[in-house]
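Multiple structures follow.
You will see chain A twice below: alongside chain B first, and alongside chain C after that.
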Partner chain A sequence: MTTPTRLLPLLLLGSLAGTAAGEPLVVVVSAQQRIERLSQEDVTNIFLGRFRTLPSGLPAAPIDQPANSPLRAAFYQQLVNKDVASINAYWSRLHFSGKATPPRQTNSDGEVLRQLLSQPGAIAYVERRQVDARLRIVFEFPP
Partner chain B sequence: MRRRLLRDGILLRSIVVTILAFILVGVATIAYTAHAARIQAETQSRVHLEQLLDTVESTLRVACFVKDVQLAREVALGLLSNTEILRVTIHEGSFILADIQRPGNRGSTDVAGSLVRSINSPFIEGDVIGRIRLTPDPEVIERRIRDDIIGQALQLAWQLALIAGAIVVTLLAFVIHPISAMSRNLHAMDPTAGDRLQKPPGHARTEIGNLVDDVNALAGSLVQALEKEQALRLQGEMDERRYHAIFDNAESGIFIVDRAGRLTSWNPAFARLLGISGDAARRLSELPWAAPEEIAGLIEAAFTNRQPVSIDARLQPPGRPRFWLKLVLSPVGSDILQGVAHDVSALKEAEAAARRQALSDPLTGLANRASLEQQLGQRIRQHHLQPGRGFTLLHIDLDKFRLITEGVGVTAGDEILRAIAGRLGATVKSEDTLARLSADVFAVLLQDLDDDGHIDKVIERIMNSLRQPYLVDGSPIQLTASIGITLFPSDGGDAPSLLRNAELACDKAKLAGGNQAAFFDATLAETAEQRRHLENDLRQAVAQRQFSLYYQPIADLARHRIAGAEALIRWHHPERGLVPPDQFIPVVEQSGLINEIGLWVLDSACRQLAEWQAAGCPHYLSINVSGRQIPDGLPPQAVAAAIARHGIAPERLALEITEGILLGDIGVARAWLLAVQQLGVRLYLDDFGTGYSSLSYLKRFPLDTLKIDRSFVQDMQAESSDHSLVEAIVAMARSLRLRVVAEGVESAAQLQMLEAMGCHYAQGYHLSRPVPAADFAEVVAGIDRRLAG
Partner chain C sequence: MTHALRLSCLLACLVVPTAATAETSTGDSFWNGLAIRGFGTLGVARSNDERAEFVRDLSQPDGLGRHWSGKLDSLLGLQANLALGDNTEAVLQGVTRYRYDGSWRPELTWAFIRHDFRPDFTVRVGRMGTEFFMQADSRNVGYANLTLRPSPDYFGPIVVSYFDGIDASLTGDTGRGLLRAKVFAGRAAEKTPFVKPFTWDLSGSRMAGGYLDYLSGPWQFRISRSLIRFKHQQPVNAAATQAGIPFDLLAAAPELSITGRHAIYDSLGVVYDEGRLQVQAQLSSIRYDSAVYEDTRAAYVVAGYRIGQFTPFVGYARTHSDPARLRTPLPAPMAEAVRGFIAATHADQATVTLGTRWDFQRDMALKAQLDMVHGNRDSRFPMRDAQPGWDGRLNVFSLALDFIF
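After this line comes the complex of A and B, so read on.
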């Protein structure tokens, strides 16, 4: 009985990833930035408000996909194994203290890219096929 | 008062013990409770804090994750709203997010029991990003502990109070009250009246009940013991009264002497004996004893030996004759002597008299034989110890003294003996010893006389002195003595042999005619020895029947024929052959064998008479009877028995006696003679003329026949004095109606003379010697023929 209950989230994960894009998600920064690689832990700390600077010394400016984007759900699911509601609840708890701020919300994929390139310490997650020379992949989810 | 004490005692002690026990238990319990309560409070506090932390953990994680000081502070304040928490510190790495302490609290911040918990990242499990420290408020914990302890103590207190109350009630109800009741009852109880304790209700089978039983049993046995003791005391009083009566009325003196020898108590008899008056205490030894130191020694000995001691002590009371007391002192306990005294003066005097008598002759006051033997023994022992000159022993026997006492009477005889004692005393020295050995026998022990010449002088003096006439009723009596002399140590080494040898020497003097002295010599002893041999042989002869009877015919001068015979004893000694009667008859008479031999002669003679009687022979037979056989050696009954046994006519038997028996106890002799005569037996007086020949005897005694002694007949010639004497005797006898036998007829002439005088019978060698029984008939026939012819 334990096996099905433990397997269930994995099955869900697999189906979501497949149906969302079929493309793996990667974390990228502007190629101009002096960041080569980040660990999953670094990525978590940056996107969930713990680190407010990048290893390069620039203030960190994480950028989120649109709120109801399947990419967003997939990303957090893969990063910290939490659904979007939990992430939203987390940010809402910190909202009033004002000490930490959630990643900047975008309206579209294009806005993600634009902000990535325009902001000095921007960092975001995108589908691998969207990565081009302007961007540098600093983290990939292990297969 | 006592009851209260009793109650207070048990109750107080029980309560004190209970309280002490409870205090101990309470302290232990509270100590334990305090410890347990602290552990519990701390545990509770920790659990509570943990729970609190659990509720704020997710917020904490977030606050730490984003290092949000404000959020952390909010959490900390939230936690501090709990009163148990004194301080909250939240670290993120080395950075302190929040550190808030309850205000106004003085306690230290580093309290043991602080709770520290790590804070994990909300996103990465296992990633520790901070920690929180909760410091509990110790006062709160202490207060809780205190409350716990107070609660416990209160509970314990009322429980203990309950138990103590129960114990008190139990004690009162089941122990103290019953015991108090018993105590009250015991006070009122009179066991001798039969009162006994009642068991308290409900205690029939409890220990109290058993105690009541025991008390009652004890009371019972005490009452019994009391009654017994009372009975004993009563008995004791009675005994004491009785003993007191004995004490007061005793003939013997009874007294008590203490350790110091003082008389502390005495009875009237003792006071009387010793002439004590008043109650003044005095020492026993202060009484008028002849030897007071003896009494003191006796008291000491009684105390020392712890045994009764006794003594015969003499008293010399002033103004009273001396007397003897027998004192017996018996120790009673260690400090008291009980004494008894009786007057033993009479006993002492009797003893002294007996002692004197035992060693002296009551008639003369001289030493007796025992005393003389003692002195001889003493002299001999002295001589052995210190050899010196010997001594001389004289044996003095008065000649024919018996005849003299017969003549003058016993009283006069005693007078003479006393006179002799006096004369002897005057002739010897004071150191010499005089003794009277028997009736007329004296002895003298002469000191230091070993010179014969000197002895002769002394002997001469004694003989002379004794030879002087004695005046009895105004008429002088002449006496002589025979004296035997022995010398110590030459004539004997001990007292008995000296005495015997002196007597032998004296016998020798007597045999030599008396009135002389003879020294002992060895031949005398030898003679005596021979005589002893002879005596032994004679005893054997009696046993082996070595005797036989010979018969000497006696002729009837009127009828010219033999009328009878005299039986004469003969001894056929196996070695010496035929022993003449004069050699053994004296020994027989002196040794006592005479009685046995006399009976044998009687029996043999009767048998011979029976034979003659059976043969139609009419002869009579006479046998000789010694004075020593009369009266007991030959009792008249024995004569009667012999006559009856052989069936002879008694008048054919004749017993020949001598004048000797008539000189002894006349009464006894006369009675014997009369008894024998009553049997019909004839009685002859033998040897008439040689002895005292008193005519009065012939009248006084029942005699049939006189036998004239041979000495008169042998020398009888015509116209001689003997002839006249014989003639006179015959005439006298005839006038007294006595028959006469003439002995020793040795010639026909004598026979004719006797016949002419009117003598009835004759006996002698002229007719026949004594012949054996076998020859008798033939001899008689020959004589008869001769006489008839």
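After this line comes the complex of A and C, so read on.
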């Protein structure tokens, strides 16, 4: 609800178009964070709960797009070549054995932005066109 | 008595920090941090041979016959996670399944507090899952696993699923991959079936262990060792009397005693999980310093390949134990009886598994599986109530619906 209104049309368009249209996904942090670059392995470790320390030493707080969002499906497909059911099965193992916690789930992409900007160490994936001066791209999928 | 006491201590552990944090939490309601979720399996299975009862693992007192039965694989788990601040969490889990006493009485399987001192250093205190072998602590979460049930050849002898104590895990980035070390120590709290209708009390048995994981890309490697020192005697004499052995078996062959004796579980595991392909393999050795069980080596490999919503899989498992060695010299008829008793723990079988997982709907999977057990005539341990005439072979047909919520 705190999403700036000028972003809303873009966000809506983004959800509708999904990534089927080919809009690339990028991994971002708040521009105030000091980290510049992450490798695909770093991003995998953070989002799969294996290792969540950023190069700055700060704990990483990964944020997921909504559970049914096409962005979420596209992200894990590109990151680890897994569909949503496999990712959910992966997390059910860790959750029910009381180990790592999954990335924080959001209800809308507006909430993703809000958490990115308010939480220290927050890291998320968005469509490239959503990136503005408040965000910094730390990882892009190779073309 | 001590059992109930320990449990209430655990619960107190969970409640006290809860109250403390509630005072300091600001803004959002404290209960916002509460998440209740669950997992379960509705499964039916039957075998084609009544001369031996196939079980999921040796925590079950009896197993399958020729009729479809839901007891082997059906279970339901409920878990509550309560966040106590950013780095601390309390977890309670209860599971109902077909258990050692033939009932479905729910058990408190997890009750611990987890604290992340750093993102890469975690300590848990309370009751939690044992990981004698890789994935042992999630073997009841059907939805998390590819096959319908954990391989009985491999996981069958693991009758301990939780313990009361502490564990700590530390993860480091080597630059090429992650290295994770975990250690645990505590006491068992369960009972397990012995020769029917007797049970063996494992509670209070001290256990400790640890593992080293290496994770790199799609690869995970693990080496582990765990040790348990049994506290209570097995009802060997009661079972012997029932079997018509007319003398004190434990007095005649003290090496059959298990009190104060230990078992060592060693394992190596590897998982390759990339895109559509998933392969895992494990190798284990279990050694006892009591003659009542035979030392066992086991291994399994399973591979699945995802095609759309279907993941067909194929698996092979093998278990083999060293024949009993009896050092105490005994008169022939006695030695015979004792050897016969130990022979019930002999394992020498292989299982070929074929099946498929169907992810037909979000958070649900249907599985169909065929297990073909090829054992030697003297292989008895992996089954319940194997008749003298059984040839060591049987097939098991299974269907299951796994779900999480």
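Before moving on, here are some points about what is shown:
Note that in this section the second predicted complex is superposed on the first by the 122 of 143 C-alpha atoms of A that agree within 3 Å, B and C clash if a C-alpha of one lies under 4 Å from a C-alpha of the other, contacts with A are read in each partner's own complex, and residues count from 1 in each chain.
Convention: a residue touches a chain if its C-beta (ideal position, glycine included) is under 8 Å from a C-beta of that chain, and two chains touch if they have at least 3 such contacts.
Predicted model only: the values in this text are computed from it and were never measured.
Annotation for chain A, partner touching more residues between chain B and chain C: C.
Look at A:Arg93: by the touch rule set out above, it reaches both chain B and chain C. Once chain A of one complex is fitted onto chain A of the other, the partner contacts of A:Pro59 are limited to chain C, with no touch recorded for chain B.
Of the two partner chains, neither chain B nor chain C is touched by A:Val126.
In the superposition on chain A, A:Glu41 contacts both chain B and chain C. Shared-chain residue A:Arg50: touches chain B and chain C both. In the superposition on chain A, A:Val28 makes contact with neither chain B nor chain C.
Of the two partner chains, neither chain B nor chain C is touched by A:Leu135. Touching of chain A by both chain B and chain C, each in its own complex, is seen for residues 41, 50, 80, 82, 90, 93, 97. Within the complex formed with chain B, the chain A residues making contact are 41, 44, 48-50, 80, 82, 90, 93-94, 97, 99-100.
Of all residues in chain C, those touching chain A in their complex are 37, 39, 77, 79, 81, 89, 91, 93, 110, 112, 114, 118-120, 124, 128-129, 135, 137-138, 141, 143-145, 171, 173, 178, 215, 217, 274-276, 306, 309, 359, 362-363, 365, 404. Those residues of chain B that touch chain A in the shared complex are 59, 62, 65-71, 122-124, 127. Chain A meets chain C in the complex at residues 41, 45, 50-53, 59-60, 80-86, 88-90, 92-93, 95-98, 101.
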